[in-house]
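Each structure below appears as C-alpha cells.
Paired with chain B in one complex and with chain C in the other, chain A is shared by the two complexes that follow.
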Partner chain A sequence: MKATFARIMENRWFSRMLSPMFLLLLALLFSLLTGGRFSNPRNLRMVLEQALVVATVATGAVFIFATGNVNISMGAATALIATLAAQAYLASNSLAVMFLVALAAGAFTLAVTALLSTALHVRVLYITVVMMTLLSSLQKGILGSSTIQIPYEFTSALKNANVPLYIFLGFLVFCIILFHFTGFGRKLRYIGINDVCAELTGFKKSRYLFLAFVVAGIGVGLGAVMTIIRNGSITTDTAASLNMDCMLAIVLGGMSAFGGSRSYVHSAIIGAVTVTVLNNGLLMIGVSSMILQAIRGVIFIILLVLSQKRPKGLPSQEG
Partner chain B sequence: MKARKIVSLVLALVMLLAIAVPAGAEGFRKVKVAYATNATDETFVGRKKGLEELVGPTLNMEFMYSEALSDAGALTTFIENAFASGCEGVFVDLANAMDQGAAVANDLGMWYVGVSSADSAVNYDLPYYVSVVGASAQGYGTSYATAIESVLSDGEEHSILILSGAAAYGATSFIEGTAGSLRALQEIYGLTYTRDINELATSSTSVDAENDKGVKITVVPGMGPDLTNTVSPMLQSGEYDVVVGTTTIYGSLSVAVDEVEKATGKNIFFISRDVLSDTIGNAFHTNDSTGHPVMDAVVTQATFETVSGMILLRNAIDGYADNMRADGRCSRVPGSAPLVVVSAEQFDILSAEDIPFAFCTAEDILALTGPDATWEAIDAFGASLTTEAVIEKFNK
Partner chain C sequence: MATNQEVLLEVHDMVKTFGVTVALNHVDFVVKRGEIRGLIGENGSGKSTVSSIISGIQKPTSGTMTYKGKPWAPASTLEAQDNGICMIVQEAGTIPGIPVADNIFLGHEKMFSRGPLVNHPKMVREAQKLLDSLGIELDASERTDRLSMQQCKLVEIAKGMYWDPEIFIVDETTTALSQSGRMLLYKIMHEITARGKAVLFISHDLEELIEQCDAVTVLRDGKIIGSLDKDEFDPDVMKKMMVGREVKGDYFRNDYDPYSDEVVLKADCITTRRDLMCFDLELHKGEILGIGGLSECGMHTVGKALFGAEKILDGQVTVGPDRVVVKDPETAIRNSIGYTSKDRDHESLGLSGSIRDNIASTGYYVNRLFGPIISFRKEKNYVAKEISDLSLKCASQYHGVNTLSGGNKQKVVFGKWIGADSRILILDCPTRGIDIGVKAAMYQLIYQFKKEGRSILLISEELQELIGMSDRILIMKDGQVTKEVLRTENPTENDLIEYMI
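Presenting the complex of A and B:
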C-alpha cells in the first residue's frame, strides 16, 4: 500500500496534473457552494485579472527556480521598476516609453543581480537578500513620502482594452517556447538537477544563470507595467507582498521547490489562480477574512506536502 | 362567496407574512457593505464592535471586513471580491489608495466612502463616489491645542518634546497635530518661532523649535516600535518634562517615561493620541512615582467617521445618493474633531459601559437616514459632538 502510494507520488503525470486538478475541483466546489455565482463570467474574469501580475512575474521567475535557485528580490524589483516606469510615463506621456523603460530596467536590474552572484561567487539567495533591501531603499529614496498617481482615464482605457491579459499571454507563449521547446530550457533544468554535473558536461552555469535572470527581469518589467495599470498609483507599499505571492504560486502550481526536471512554466499561472480562487471563493461563501488566512494556510500545507517530495533516484548533488 | 373567502385568506396570509418577516430594522432592506482597513489593531476592533452592535442592527446592514491592506493593488482585489460576495457599498480606511479605490468601486457600480483627514484629490466626480469622511486635519490641530492648553496652563515653564509621527511623510492629521501643538505653545508662552511652524512640523529629522523666549521645544519625527530607541535617550537626558505624541505613544514610551521619572524624581506630563481603552483608563487612574497621573491628556481616535460613512452608504444604496453628494461630486464630511480627555473623571464618563459607539444612539443614526437626510445634516451632527457636549449628554 505504502509502496503504491509512493509510486503514485513519484509519477511524473501525477505531479504535473495534481495542481491543475486541485484548481478545477476547487472552482467546481465554489460554484456549487455559491449557487453558480462563482462561475459567473464576470467573476471568473475578475479572478483572472487579480492573478495576472503574480502570474507574469512568477512565470519569469520559473527560469531562476528551475536552476535550483531562489530570487527573493522580485517584489522589491517590481516596485522600483513600476516607480521608474510610472515616472517615465508622466514625463513623456507615452505608453511606449513606459514599456521600454520597464523592460530595460527589469532586465538590467536582474542581470546585475546574476552578475553579482557569479562574479563574487556568492550564492544567489544571499545576493537577492541584499538586492531586496537595496532596491527597496532606492524606491523609498525616489518616492519619499509621495504617491505617484497615474491618470484614471489612462489606466482605465488600458484595463478595458485587456492590455494586461495580452501582455501576460504574449509572455507566457514566449516562456513556454523558450523553456519547454529549446535547448536553453533543458539546460536550465539540467543545472537544477545537478549543477556540478552540468558544468562538467560543458554548460557554463554562470552564463545560463545570467540568461535566466534576464528572462525573469523581462517578467518583472512586464509585471511592473501591469501593476501600474491595475493600481493606478505607486507608493512605497506597492507590491509589498508580491515576492511571497510569486514563490507561493510557483510551488502551489506544481513545480518542485528544488527546480530541475519537475519545472513547468504553467505552474506560475496555475498557482497564481489557485491563490486567487481560494481568496475569492472563500469570501463568497461567507468565510471571514480573519479565518480565511488560516484555511488558506492549511490548504497550502496539504498541497506542498503532496507535491514537494523530491523523487527518489533523481540524480542530485547529494548523489 | 368562495372568491371572497380566497381573497380574505390571501389578505390574512399577507398580513401574517408582514408580521413574521419584517423588511429589517425600521423597514430597511438588508444590505451588505464592505469595510477595507489598513490595520487590524485595537482601533479597528473597537470600530468593528460598534458596527456589529449598533450600526448593523439599526440600519439592517451586514459587514464584510478586509485583512490589513497596504496598497492600491490589495484594495482593488478586496473591492472586487466584496462585489462578488454581494456587497453594494464599500467603506475604505486606506488613505494612500482612497481615490484609486473609488475608481474601482465606480467601475463595479458600488457606492463608495473613503476615510481621510483631507478631501479627495482626484476622481471626486465619479458618480458612485459618495463622500470622504474623517476628522479634518484642522480638527486634529484644534484638539491638540486644547490638550496642551489644559495641561500646561499652570504658569510654569516647561521643556516639551513633540513626536510628529508621520508628519514628515505628508500625513495631514499628524502635520496638523504637531502644528496645533506648536501654535498652542506659542499662545501659552507668547513666543515667536524663528522658523515657519509648518516647516518645523514636517521636518524629517529631529529639530529644535527655536524661539525668542528660549523655551525648549523639540520636534521628533517617526512612529512605531523604533520610536522607543530614538526618544528614550532624549528623555534620559532629563531635559524634557512634557511628551506630546501625535501618534499612539503610550504603549511604546510609558516604560521609558516611568524609568526617567523614577531616576530624576521629576514628573513628565504625558499627552498621547489613543482609543479610550482599559489601558488608557488605568493610566488616567494610576499615579506615577512622583504622585501625578501617568496619563495627562488623550486626543481620541475619531470614531464618528465610521458611523457617518455607513449612514452615507445606507442612504446612497436606498436611492438618496444625490443628497449625500455635493454638487455633482463626492461630499466632504469631517464631522467631529477628535475628543480631548484631560482627567480620569472625563475618561470614566466617556468610556462608561452604556455609552454608545461614537457617542451616537440608534435614534441619532435613524434621524440621519431617509429621503430628507443630507450630508450637511450628518456633518453638522458630527460637529456637535464636542467633548463638552458629549459629557453633558451622557453624564448621568
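Presenting the complex of A and C:
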C-alpha cells in the first residue's frame, strides 16, 4: 500500500495533473459559493479574456524562470511598452507600427536587463529590482498625469476579431516548440538545474540568458499590445498587478519556482487561468481587494515553500 | 579479543526506503568499544545510509537503535554530537567563506559568548589549540574557501574530534586525503580506540581497511552479508562478499599496446591564474596519459585548462589536426573533448535533474528529428543506450540523480560524454569514491576507449591506478612536471612517489 502510494507520488503524470485538478476544484468551489454566478458563460468568458494577458507574459517568463532566475520587472516593462506602443499608434495610425514598436521595445528592454546582469556579474534578481523602478518611473515620466486614449472603433474591431486570442495562440505554439522541442529549451532547463555544470557542458550562460530574456521580451511586447486592445486606454495604473500575477501563475501552474527540471510552458497558461479565477471568484464572494492581495501573497509563499522541499536523497552538501 | 568487549551501539532491524528504492533492508549490527569497525560494500549498498541514520542526518523508515544501553533516535546531527557520535561525511562538510575556527565550532558559538556577542579571538585560540594537538598544520583564522579539499577534510576531522566522540564515523574520507593526511587520520583513529571508544570506518580501499580495521561488516544491496574479524581478513573473500561473485584480484589492463604519434591535444606554454606557469603537454591519439601528484600540485588545473574551463593568461591549448584553439568549454566540446570534474556533484552533474536531463544534455544536436526539432524517441533511446551499456542501476531514466549512489552518479557523468562520442576524454579522479565493482567496469571502459582510438587524460591521486592504466605518466609538483615515465619502463609506486613530495 505504502509502496504503491510512493510510486504514485513519483509518477511524472501525477504531478503534472495536480495543477489542472486544483484549477477545476477552485472553479467548482466558486460556482457553489456564488450560487452559479461564477460559472455563467459571460463571467467565464471574461475570466478567460482577463487571463490572456497574464498567460502571454507568463509564457515568455517561463524561459527566464527555467534558468533559475526571477524577473520582477515584467509588469513595469509591459506598462512602459504599452505606453510607447499606444503613442506610436496615435502618431502613425498604423497597427503594424504599433506591433513593431511593442515587439522591438519589449525585446530590447529585457535584453538590456540580461546584458546588465551578465556584464556586471550581478544576479538577475537585483538588476530587475532596479529595472522595475526605472521602467515604471520612465512610464510615469512619459505619461505624466494624462491618460492615453486609443480610438474605440480601433480597439473594439480588434477585440471582436479575437485578435488577442490569436496573438496568444501564435505565441504559445512558438514557445511550446521552442521550449519543449528544441535544444534551446533543454539548455535553459539544464542551466536551471546546475549552471556551473551547464557551463562545463558547453552551454554559455551569458548567451542563453540573453536569448531567454529576448523571448520573454517578445511576450512582454505582445502582452502590451493585448493590454492596449483590452483596455483602450493607458494610465499609470496599467498592468499594476501583472508582475505578481505572472509569478503566481508560473508556480500555480505546477512549475518549480526555482526552474530546472520541472519547467513547463503549459504551467503559464494553467496558472494564468487559476490566478484570474482566484481574483475573480474571491471578489465575487465579497472579499475586499486589499485582503485579496494578502491572500495572493500567502498562496505565493506557500507554493515557494512547497517547491523548496528538500529533495529526498543521501546526505550531501546539496541535499 | 573482540568477543568480550562492551557493546556501544546496536542497530536492530533497520529499514530505510527512498520512495520505491530500498536502501536498507532489515539491517542488524553492533559496534563495540575499542574497535575500528569497517563497513564495506559496493556503491548503493547502504553504508552511507546506515551511518547517516546513526549520526542523526536522516531517520530510518523503521527499526531501532540502542546506544550505551538506551534507545537511540537522534533528531539531528547536533543531538548526536552532544551524545558523542560524530560523522565525517563523504562530500564537503565545511562552509566556505568563514574561518576554520567558525567551522569547527559551528552551532556551538554559545561557548564563546559574552552576552549577545561572540568572543571570536577566543574561539580561534581554542581551535588553534585543537589543530595543534591533533598535529594538523593549519591556521585556525584562515577562511575555509582558501583551503584545499584535503585541508577541509582535516578541518572536519578536527571538528569531530573536539567533542571527544564515543563513536567516530569516517565516511569515505580517505579518498580526499593524500598519504600524509591518511597517516594522520589513521593515527587519530587508533588513538580513539585506545581510549575505549569506537570508530566506524567506511572506505572502498580494501587494503586500508585490512590494515586499519579490527573487524569489518559487509553490506550488499541494503542487506548485511556477514562480518569478519581481523584474523579472517582476506581481500578475495571480502571482494566476493561485496560483489556476490568472484572478482579477479587484478583489474587493470595488462597489455603494452602502443599509441599513435599523432598529437590530438596540446598545451603550449600555458599560464593560468594559479598553479601553472608555462606548462606544456601533448596527448596522442589512442593514448592513456596519466597525471599524478599531490592534490595541490596543479594537475586538476591542467584538466580544467585543457577543457577551456580555466582562464589561460598566456600560451594556448590546441586540439585536433587543424590546431583549433580551445578558449572555452563550448569550443572544447565542439572538438570532441569531454571532461569529468573531480567535484562531481557540483561541476559534472545536475543533481536536481533526472538521469535523462543529465545524459541527454550532450545530445541535443545529434538527437534532432529535423531542423532544430528534437526527436523524443531518439533522445529516449540515446539515454537508454547509455543506461544499459553502463549497467546503471535505476528505476527509470526519469529517476532523480540525487538519489543515486556515488558509482551510479559517476556512470551518469560517463554516459554524458560517451553518448556525445567524445574522442578526447579528460577524466579528473574518475574513480573517486567508487567501489571495486564499478571501478573495474570503469577501467575496462577506459581501456576500451583506448582501443577505439580515443585519447584519455587520466588525472588521479591514486598511483596504482595511474601505473595500472597509463601508457605514459607525468608526475607533477608545484605546477611543474617533475618526472615522465613510459608504461614500458614498468614503474613502481616507490619510483614515482619521490618526485611528488
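To be clear about the criterion, the second predicted complex is superposed on the first by the 251 of 319 C-alpha atoms of A that agree within 3 Å, B and C clash if a C-alpha of one lies under 4 Å from a C-alpha of the other, contacts with A are read in each partner's own complex, and residues count from 1 in each chain.
One rule holds for everything that comes next: a residue touches a chain if its C-beta (ideal position, glycine included) is under 8 Å from a C-beta of that chain, and two chains touch if they have at least 3 such contacts.
A quick note: this is a predicted structure, and the numbers were derived from the prediction, not measured.
Peer 1: Once the structures are superposed on A, label A:197 by its partner contacts, choosing first (chain B), second (chain C), both or neither.
Peer 2: A:197 sits against chain C, while chain B stays out of touch.
Peer 1: Applying the touch criterion given at the start, work out whether A:20 contacts chain B, chain C, both or neither, answering first, second, both or neither.
Peer 2: neither
Peer 1: May I ask you to decide whether A:177 touches chain B, chain C, both, or neither, giving the answer as first, second, both or neither?
Peer 2: After superposing on A, A:177 lies in contact with chain C but is clear of chain B.
Peer 1: Who does A:231 touch here: chain B (first), chain C (second), both, or neither?
Peer 2: It touches chain B, and chain C stays clear.
Peer 1: Touching A:261 in the superposition: chain B (first), chain C (second), both, neither?
Peer 2: second
Peer 1: For A:152, select first, second, both or neither according to whether it touches chain B, chain C, the two together, or no partner.
Peer 2: The first partner, chain B, only.
Peer 1: Touching A:189 in the superposition: chain B (first), chain C (second), both, neither?
Peer 2: After superposition on chain A, A:189 lies in contact with chain C alone.
Peer 1: Taking the two structures together, which residues of chain A meet both chain B and chain C?
Peer 2: No residue sits in both footprints.
Peer 1: List the residues on chain C that touch chain A in their complex, please.
Peer 2: The contact residues of chain C facing chain A are 17-20, 48-49, 52, 57-58, 89-93, 307, 309, 328-330, 332-334, 339, 341, 345-354, 357, 360-362, 364-365, 368, 372-374, 398, 400, 402-403, 405, 416.
Peer 1: Can you check the complex and tell me which residues of chain A touch chain C?
Peer 2: 3, 6-7, 9-10, 12, 177, 181-184, 186-187, 189-190, 193-194, 196-204, 260-261, 311-319
Peer 1: Using the touch rule from the top, collect the residues of chain B that touch chain A in their complex.
Peer 2: Going through chain B, the ones touching chain A are 40, 64-67, 70-74, 76-77, 80-85, 96-97, 99-100, 103, 107, 121-123, 166, 168-170.
Peer 1: Considering only the defined contacts, which chain A positions touch chain B in the complex?
Peer 2: By the definition above, chain A touches chain B via 37-38, 40, 43, 46, 49-50, 53, 144-147, 149, 152, 156, 227, 230-233, 235, 237-241, 276, 279-280, 283-284, 286, 288-290, 292-293.
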